[in-house]
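So, here come the structures, one by one.
Look for subunit A in each of the two complexes below; its partner is subunit B in the first and subunit C in the second.
Presenting the complex of A and B:
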């Protein structure tokens, strides 16, 4: 029999091997029947379930809301690039979702969706888990996998002038990319200040010079110093 | 230290254990009246090197070691550099302690440009000096790609003693610089520019 769920402020019942095994059996049974899930045989330590992309959102919503499983925490979203992987004959990419429960210590599950190189997209789950917004942005940034329906699919870690997706296996390992502007957040900050009724002074130190203006790129020079506003 | 009245004329270093200042006098009576002679270069260098105001650009564990170096046990105040500022406009020593990415490089450069001259840069640890083991798409292979560095510190992270060794080297460098020659060059530049 499974453990009792932990209430608010309570620690969940400690996980045992029996509880883990029992959870895996039950959850795989349900996923296989309802969402055409298959077992990932490469996972020999936990449970990884391969889903078709079209059933992903239904499955995530079900697992989150189910009283039985309560997988209410999206720990991580990432991807795998199988390019050059020995013996791999399926789609090039896989997007991986790590779920766990805050009520049952034994409930941990990994979902995997295979993604072809041509389409390179999966449905977004940002409306099911708020944290998925940034996790999907990071996966887009590093692997170039698009999340359909994502409201704000911008790069998260790499700078705004970066070209390509560095964790793809065919990204040149020694390639370096310079950023030419010293603060891309200044323009949005100015806009936000104006939106709140502040007056932003032109040329008052917040307008950043570009890298050419500052003489960056290995040529230190002190000729051009940023003009700064003065206090009254 | 002081010569007896009526002693012969002599030349000796007095007034400080600091060899760089090089205060000399020719006349013992002159010194007894509270005067000494020296050079502008020696005095300016002495003042600059003993009142460094560090600005910490700390991004990784090297900054934690800098905290240890600055706090009471190791006590960076012994070198006159304890007044740590968090504004580049108040400081003259930039301590780049940690990994710098390509995303940060233009920001580092801009902050360095905001410091008033004279200014110096310490490149602390493997990452700031060379990129360290982050030989990858995102990490700058050494901050000297964007700003000039005065002293590099080895280590991952360096111990406080390494910081002090670097500060002593930097003090020697500051003492060896010539304020008067720099001033003359600046004046010439102004005349050329018109």
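Presenting the complex of A and C:
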């Protein structure tokens, strides 16, 4: 028995194990045929497929627009750093795309793209899902994986003076970093206004100094601040 | 700043920082806006002021030690986060938890959902200048905190759930306290409804303000009350039932316009549904064990640990090494007060999580904030911000 898609304002058929299984079998079959997807055995409870990075955008767009699957919501984007993971012999990083459907309750799927440490980049999907813009910024911030084609790849959670990517396994958990200023938002605001059809004739003059003007970029180093002594 | 508008007029825009420390932001959020008079012409947002490295810190300890960190995600409904995390890890063990715990978790979840929605609606009303609702809603909320304190010893950061059970059983008189608090919540809610539902001031300040369409909401990955306010009927408690939610009789609440009015009213009506679930759960609460007896998760009792060598070793290993989910990757999601709260857990088979990624429901709402407020008035932008209920604890992690 297949579920019918939920129309506007309708609740979807509740997910059952049979419906989930049916979806997983079907979607994997299609992805394996069309996008060279492979099964990720580490996900023993749901379905995760591994895709080559070059096929990612096509696969995401296909899954979003396909009448059969309707994976129209990007739930989350994150990465995994496998440095030192027992028995791991693949690329160091994997970027994980977590998709679900608002029409079928049983449709959930994770896509995974393996990323080598040297290249550390994947194609951006910011134009396919509005939320991917921030999710990719967060992944860049935390893991240092670049998203090719992203229009505004700034850090999301950490500050502009932050050096390194904290969720990498070789970043020390107790390391502290100095912050001296707010993130400058004048340029993003200009870009935003231009995107809305305004022509910026004269930018906003703000009295807060830029990072370079503060002279604090990269120093004083954390070790020199007395407060940090107690974390040793 | 000087700009030429799309219509061709040369005008001066005033740039203003709303936040990061501003009473109307209810937390440390920053919106940098360009104003044409009182109208927001453009907005950009910055987050991270409450970033404390949740995902890095949870990799340093055992699975059990993650729990107090989850309290600090959405601190208005800490128990919902505890339960969400425990459910995700329990899924990996494929362990079933005792019936009393399931029922208790539903009861505590719904009470938490009510007090979370009360914070959102009451604070939003305060931002609109309607102070009375605040007292009607916050007094019963205080009573719920009194129950939390008796139950777990803490008001805000309860850390009450455990992987495979609960911290401890309820205290004597718990059922009576809950029954009483449900009555006072309902009274406060009815009073607030009477003040708001047909209040012209409230309606004119909120209806048609900062609306979002279903397509926009889905594109921004919205879940929970905000998604439902746009007319999309999705609720994990119904669609992907957990904790036996499919056996409870309740409705999902769906809006029509996705504006500030709908976002607040969806929460108001949801509280009524939650009250009904609480009553049903209270009726089902039967005495019984609260912790699973699965030796991979549960500490052996004192009688065993003191007299049996194997049990002593088990106790020692569980406390020192932590519980050890099978190696692999699992995403578990529950319906928290703001929407889908997910935990992507990566295990290498040891007692320390390799990685735990939180999927915070707030982030998707705040990512859309600039899109929502552009073209509206500053005062409406403030009302909009309180209606999407941004909790910086889970936004910034």
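Please note the rule applied: the second predicted complex is superposed on the first by the 181 of 232 C-alpha atoms of A that agree within 3 Å, B and C clash if a C-alpha of one lies under 4 Å from a C-alpha of the other, contacts with A are read in each partner's own complex, and residues count from 1 in each chain.
Basically, a residue touches a chain if its C-beta (ideal position, glycine included) is under 8 Å from a C-beta of that chain, and two chains touch if they have at least 3 such contacts.
None of the values given here were measured: they were computed from a predicted structure.
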item: Partner chain(s) touched by A:74 [first = subunit B, second = subunit C, both, neither]; value: second
item: Which of subunit B and subunit C A:182 touches, first, second, both or neither; value: both
item: Which superposed partner A:158 touches (first subunit B, second subunit C, both, neither); value: both
item: Touched partner set for A:193, first subunit B, second subunit C, both or neither; value: second
item: Which superposed partner A:166 touches (first subunit B, second subunit C, both, neither); value: both
item: Touched partner set for A:10, first subunit B, second subunit C, both or neither; value: second
item: When both partners are placed on the shared chain, which of subunit B and subunit C touches more of subunit A; value: C
item: Subunit A residues contacted in one complex by subunit B, in the other by subunit C; value: 157-159, 166, 171, 173, 182-183
item: For the subunit B and subunit A complex, residues of the former touching the latter; value: 102-103, 105-107, 109-110, 113-114, 117, 135-138, 141, 145-148
item: Residues on subunit A engaged by subunit C in the complex (per definition of touch); value: 6, 8-12, 14-15, 40, 42-46, 48, 72-76, 78, 80-81, 85-86, 96, 98, 102, 105-106, 108, 110, 129-131, 133-134, 142, 155-159, 166-167, 171, 173, 182-183, 185-186, 188-190, 192-193, 196-204, 206
item: Subunit B contact footprint on subunit A (complex, rising order); value: 157-159, 166, 171, 173-183, 208-209, 211, 214, 216-218, 220, 222, 225-226, 228
item: Touch list for subunit C against partner subunit A, complex; value: 1-6, 10, 13, 15, 20, 30, 32-34, 41-44, 46-48, 51, 53, 55-57, 59-60, 91-92, 214, 216, 218-221, 231-235, 238-241, 246, 252, 254, 326-331, 333, 340, 342, 344, 346, 348-349, 354-355, 357, 359, 363-364, 367-368, 370-371, 374, 396-397
